[in-house]
Amino acid sequence: MTITSFQVALWIELLAAGLGGLQGALFAAGERHRRIDVLGVIVIGLAVSLGGSLLRDIMLNQPPVVIWKNWYLLVAGASAVLGMVLQPIFARADWLITVLDAVVMGLFGAIGASKALSLGVGEAGALVVGIVGAIGGGMLRDVILSLPISFLQVGTLYAVAAGAGAGTLILLAELGTPIPIAGLVCVAVTTTVRLAAIRFNWTFPEQ
Amino acid sequence: MTITSFQVALWIELLAAGLGGLQGALFAAGERHRRIDVLGVIVIGLAVSLGGSLLRDIMLNQPPVVIWKNWYLLVAGASAVLGMVLQPIFARADWLITVLDAVVMGLFGAIGASKALSLGVGEAGALVVGIVGAIGGGMLRDVILSLPISFLQVGTLYAVAAGAGAGTLILLAELGTPIPIAGLVCVAVTTTVRLAAIRFNWTFPEQ
Amino acid sequence: MTITSFQVALWIELLAAGLGGLQGALFAAGERHRRIDVLGVIVIGLAVSLGGSLLRDIMLNQPPVVIWKNWYLLVAGASAVLGMVLQPIFARADWLITVLDAVVMGLFGAIGASKALSLGVGEAGALVVGIVGAIGGGMLRDVILSLPISFLQVGTLYAVAAGAGAGTLILLAELGTPIPIAGLVCVAVTTTVRLAAIRFNWTFPEQ
């Protein structure tokens, strides 16, 4: 059985890249005590937006699409600047950004896991690649800022939401479900788990 | 002269992966004040166990085996959970874990250096790849936890033991020694240097 | 239009690698309170010297030249040791090292951006790869030492100088300028921006 990569229209991917740039800028605004300059904000925006795709392609030994094609960097950079300038407005749309972020996380989880499967990676590896694709941007941001990587700590459930979605996609793909359908289910599962975790204050047990 | 890669039976590699997962979990137990959740412990276990192989293959521009084949991730993850649950028992077998760890470090040094040589990498690069293969898991763990990378500091001699073994392998391979023999010598040298460093409290001079 | 990679004589590249190793050692000397041993100094020297080239080739999905060929590692490692031993002498040649560093940054920016273009990477990606090639060594040093990556902070203008040079090269290459000329212009622009930023105390606005 040949598994194909989950494809979405370019404008959806660019919308996702733009949202990532925005979130990077809003995060940087909360770290003002570090004296980050305008360029630093753009770098953090690019990292949050494109870091997951970059790490995914490096782990899969493929040329990183976000480096090769201009649009990703341009959209992510522009939205980081926008996020910095309009920060007070976006800060008020907090819930909207949270919802969109959950959808984007599901999207990148689906792209990562299906791309891995299409290259012949095993199920366990595809799950890891899906999770890294979904949350790698935040990981790269934390490494750049020398913060402990936030998903390791109690009360975020980021990786769990990404893993639940990617795991469902892998299961469905193995059962022969067409990838476009499996991809949409992945987005739905990740979004639901993520928003439910926030709404009901779910946490994972501490060690 | 064609140099082949040092091959060990899959069960030996998986045993090594399992030991890495265990050590990651024990390390995480010592960092309880960071409020790492169960998932975080598994991530640290995977990083310690498989990080060296992942970084090695990325540096060699090869598809990472630990991503491609299911067994590595499954064994490393399961042993991290085991290490978390049975932590009090394993903590008492401290010396056994130290010895096994030295052997595993030698093993991954031999695999890394010989894989590099087999791809046409020069001696200096093969030495670096061997060392990264041997101690890269600990490096990745430290980056994830935002700790200063421990091997840079006085009194560990981790990298020295790995380098002594990998260097010996490279020398022997250049002299025409069959790789299986050179690999075993590498394991013996690394284990000896590492255990002697602990036993006799060897350190490297500070700058 | 086919764009070729900017080539410089091997001895120039090795001189650049040597300067990087030297700077790594001088940086390590300033971090003495961390109790970094001799090996740690060498590792920091290698990271500063070769980190940019390594990250560049990983982002371009190419076998890293600094791993494959012996000379880079040997020269960078030897100069790190030299820098450690002769630290008081080099500390007095501060201004010379600053000038040489600016030239080297321009050189690696030109190599990175042109190598990316020659592989078919878009202009935005080539700019990022050029900047990473130029300043990636310092980034890797900061990650290894768990310092916040310094170029994100106010008052360094490192990335700006590298970006101005690489951007100029990309523009000239698109206009059909032969790469050797575009590369030299890149070095001149980067050096000028960097030294002017130091001389006139230029900064980028904070967010």
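In order of appearance the chains are A, B and C, and numbering begins at 1 in each one.
Operating definition for what follows: a residue touches a chain if its C-beta (ideal position, glycine included) is under 8 Å from a C-beta of that chain, and two chains touch if they have at least 3 such contacts.
Because the structure is a prediction, the values reported are computed rather than measured.
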| item | value |
| --- | --- |
| Given chain A and chain C, the chains that contact each of them | B |
| Interface residue identity across copies chain B, chain C - same or different by half | different |
| Chain B-chain C separation of Cα centroids, rounded to whole Å | 30 |
| Multi-chain contact sites of chain A, meaning residues that touch two or more partners | 58, 61, 143, 146 |
| Contacting residues of chain C [partner chain A, same complex] | 58-61, 116, 119-125, 128-129, 142-143, 146-149, 151-155, 159-160, 203-207 |
| Interface residues, chain A side, partner chain C - complex | 28-29, 32, 34-41, 43-44, 46, 54, 57-58, 61-64, 66-70, 72-74, 77, 84, 143-146 |
